[in-house]
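Quick one: the structure is below, questions incoming.
Chains here go by letter, A, B, C and D, matching the order in which they are written, and residues are numbered from 1 within each.
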Amino acid sequence: MNYGPAEMMIVSMARLLRNGERVFHGVASPLPMIAIQLAKRLHAPDLVYLNIPGGVDASPHRLPTSTVDSLLVENSSSLFSLTEIFDLSARGGLDTAFISGVQIDLYGRINLSCIGDFKQPKVRLTGGAGSAVILPTAGRVILWRTKHNPKVFVKKCDFITAKGNVERVITPLCIFRREKGRLVLESIHPYSNLKEVIQETGFPIESRKEYSITKEPEDGELTILNQIDPMRVRDLEFK
Amino acid sequence: MNYGPAEMMIVSMARLLRNGERVFHGVASPLPMIAIQLAKRLHAPDLVYLNIPGGVDASPHRLPTSTVDSLLVENSSSLFSLTEIFDLSARGGLDTAFISGVQIDLYGRINLSCIGDFKQPKVRLTGGAGSAVILPTAGRVILWRTKHNPKVFVKKCDFITAKGNVERVITPLCIFRREKGRLVLESIHPYSNLKEVIQETGFPIESRKEYSITKEPEDGELTILNQIDPMRVRDLEFK
Amino acid sequence: MKEGKVVSLKEAVSWIDDGSVVALGGNILNRCPSAFVREIARQGKRGLEIVKTAGAYDIDLLCAAGCVSKVHAGFVSFENEFGLAPNYRRLVEEGKVEACEHACYTVISALRAAAYGIPFQPVAGLNGSDLPRVRGMKRIRNPYGRGAIYVVERLQPDWAIIHVNESDSRGNARIYGPQFEDILMSRAAKNVILTAEHIVEGERLMEHPEMNQIPHFLVRGIVHLPGGAAPCGCYPYYEVDREGVKRYLEYCSKGTGVKEYLMEVSP
Amino acid sequence: MKEGKVVSLKEAVSWIDDGSVVALGGNILNRCPSAFVREIARQGKRGLEIVKTAGAYDIDLLCAAGCVSKVHAGFVSFENEFGLAPNYRRLVEEGKVEACEHACYTVISALRAAAYGIPFQPVAGLNGSDLPRVRGMKRIRNPYGRGAIYVVERLQPDWAIIHVNESDSRGNARIYGPQFEDILMSRAAKNVILTAEHIVEGERLMEHPEMNQIPHFLVRGIVHLPGGAAPCGCYPYYEVDREGVKRYLEYCSKGTGVKEYLMEVSP
């Protein structure tokens, strides 16, 4: 079956999720929203899905275009508010969180605040939402970003909005794993190559020798992904 | 109509309450529970009544013998938990609280913790419940105690469980008002007299000249009191 | 049912002084007090400090209308479909609005400090972030053991403006579905104004007092505003009006857009 | 419906190690996990630290049975009708149980610190009380301005034992009526055990997820115990069994009373 970066990224995210663990995504997070539903349909039916509207294990009748939409309380087993989710993470009870970054550096630190100076920014960005608390407190953080170029994957963030327990970074080209505090190339997606990854990454790619090729999305994975997201909400992140 | 100390105390408490204010009583507080209902039936229909089970403006079909009974959420307009009541008081939003004391000193400080040393008590008492937070943070505190003798109204508390914004103290014999940090005699109940109050009080009675005689409970007050408390729950505090 | 604390939109907005700290209920495009916010803009309030974990339309519109001096928030944007908040972004870049960026949890913690009557609230996390440095968040020693922890300063809104599903005329109110940080805001703020889809009989709300998350005695006034969250959604009554959001953004992309937008949209 | 996390009373109690910190839900004689507490006594646990804002039967019985080393509470007594808690009182006076007296709000604040993942929680009040001195509560400076404030140390229960009206077999649970501090306890504790009047279908609870105050993923085990709060009451099913409370107190007034009492009462 056909697939592109969106499908490759979602499937990569879903594969990382474990049955039974507590997983959170926040605002502006279509890919994680879809990846969580996919993981629940595949290998992780008892994954505990937490989101900002507060639905626990929500299973909405259709996917919203906003990932804080009230649809994300549909068919929940209880309500567990954003405040509660932060508390849970703060006390060590959140296993996995998905966070994005406008800039991401070699150490997995992210910038969601500003380009240029914080007080007199060239570009004021969205702000880091909960990331400055989630990155240091969640069991692990999976970063993702739907653009892979040297402006995103930078030598140095203009501002460090958050730093912490980043485990992996999912991009349209590859997957990074964090080892000894630094991002190392874990695998390159089948349609990309090492040259492209190096060219599009602003920080040096370490440990080149050990990377692999990301396993292609399987037909079964793609079939269920399309059932979950027939309207292609996932494409919103690639506009 | 006939009345005794219970009625005199309840009516005295009720008269102090103002329409619209937020009033709280805690555990083991039959007289305040009844006084609040009385005030709401008399001059303070919009008094906001708060209690530990969390009923706002509860109007139970019968009075419980315990003042943390779940009956005290009946006919409430919302639930506002004990935690919320403490928060409210902490931020300056609780107008009036009723608190009792096993020992009460000249400064309106109370002991609910122990007779003798705290660590090796002669008598371990109930503990102060919320008093150590309520006394300093509530707008005013009305103390009451159904025994008036030198063991209750003491020169020196064995232990200061709480100190704070005590405004008045209602006893079976009299009403004290706190002025410049000290309890002064405001009025003596009609069936008692100055000699008895002095004899039964362990601290010196100040400003004797200005005290008055407490106004007797009126028939209207007693009629409604008996409607509210036909089973004489109020007598529990005098056993 | 026009009795009790129910007032007109104009009157309720007139209570808000220039320079006030105003917490806005809802989240991004969900259950925001949009009609109230537009009336704030029409009355030309100035120097407001806005408090919200994550906002979009409401914050952007108030910025565009020149009402805002500071925004205390964790996230300000319309998310993927509609992009960045154009006026907020521009005015922060021009130095006309101060972005008091918070982690969403530090907004919550600062509101907790207000609700709990304490000057500051300890908060987990923030290690390694530049936010504490640029925002002046202090780190203090744990007096009970090793280590230190960040504490955020109390942030007490003068007003919390909350759009609810149902309220009675005294202010006993209900939110159905996601509550976001609204209940905490109602406790943290000095005063609460509700805008309500429905003004209902108190007797009906009393049948389930445990569902009335906002008690009457915290509420100063109620404005009856059916559809008052639009173009944001109000679960379960109506979803986000995506055309309405686009129309706002289109007006903004013109020069004097927001004034014209406010003339077109009612209330 | 005996599936999922539903276990026997014996098994659930067997999980609790000697020396554990155990928070008990309910308040005084309302919705206490009484049957669970009796099984703790029967299994002869030792050195438990009990956490509760205000307790009576449950704390007193555990003290009588020799299970308790410390009681962290604001108030321990049966109120006016039944008087002081006789065993708690005696054992504290004999130096066999330590009364770690709290203001109820400092129990709440210490539990908040645990729920919020922070080492301490600032708390308003306490000025002029002897409690901070004898209990070692610290006062710290406000780093954002003048003044100082008391902070209480985190108190994280190993277990919260909560008697609920309804639970499904996964632990999604509901309390009807007064919740007291139970929801906070469920967040503050490392593990939660529910005792439930009714084990119900999850599908029914999902019809109103907003009423399920305890989410399944916080719950380790559920014991089906209809009447499990007795002689305490469980709103709205049954009131306090005043004869039952009297019977407990009568047994206690004899010498080896609690052992006999535990043999008579079931479960």
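Points to keep in mind about this one:
By our rule, a contact is a pair of C-beta atoms (placed from the backbone, for glycine too) under 8 Å apart; a residue touches a chain by one contact, two chains touch by 3 or more.
Computed from a predicted model, the values in this text were never measured in an experiment.
More C-beta pairs touch across one of B-D and A-D than the other; that pair is B-D. Distance between Cα centroids is largest for the pairing of subunit D with A. The geometric centre of subunit A is 58 Å away from that of subunit B, both derived from CA atoms. Centre-to-centre separation between subunit B and subunit D, using Cα means, comes to 27 Å.
Taking each chain's centre as the mean of its C-alpha atoms, subunit A lies 40 Å from subunit D. Rounded to whole angstrom, the centroid-to-centroid distance between subunit C and subunit D, based on C-alpha atoms, equals 37 Å.
Residue numbers of subunit D whose C-beta contacts span two or more other chains: 116-118, 123-124, 177, 210. In subunit A, 55, 73, 79, 89-91, 137 are the positions where the chain touches two or more neighbouring chains simultaneously. Pairwise chain contacts present here: A-C, A-D, B-C, B-D, C-D [touch as defined]. Listing the residues of subunit A that touch subunit C in their complex gives 27-28, 30, 52-55, 65-70, 73, 79, 81-83, 86, 89-91, 109, 113-114, 118-137, 159-164, 236-237, 239. Partner subunit D is touched in their complex by these residues of subunit A: 22, 48, 55-56, 73, 75-80, 84, 87-92, 137. For subunit D in complex with subunit C, the residues that touch the partner chain are 113, 116-124, 138, 140, 142-145, 147, 149, 151, 153-154, 176-177, 210. Residue ranges on subunit D touching subunit B, taken from their complex, read 27-31, 53-54, 73-77, 79-81, 84, 88-89, 92-93, 95, 99, 101-106, 108, 123-131, 134, 177-181, 184, 233, 235-236, 239-240, 242. If you check the complex, the residues on subunit C that touch subunit B are 114-118, 170, 172, 187, 202, 205-206, 209-210, 212-217.
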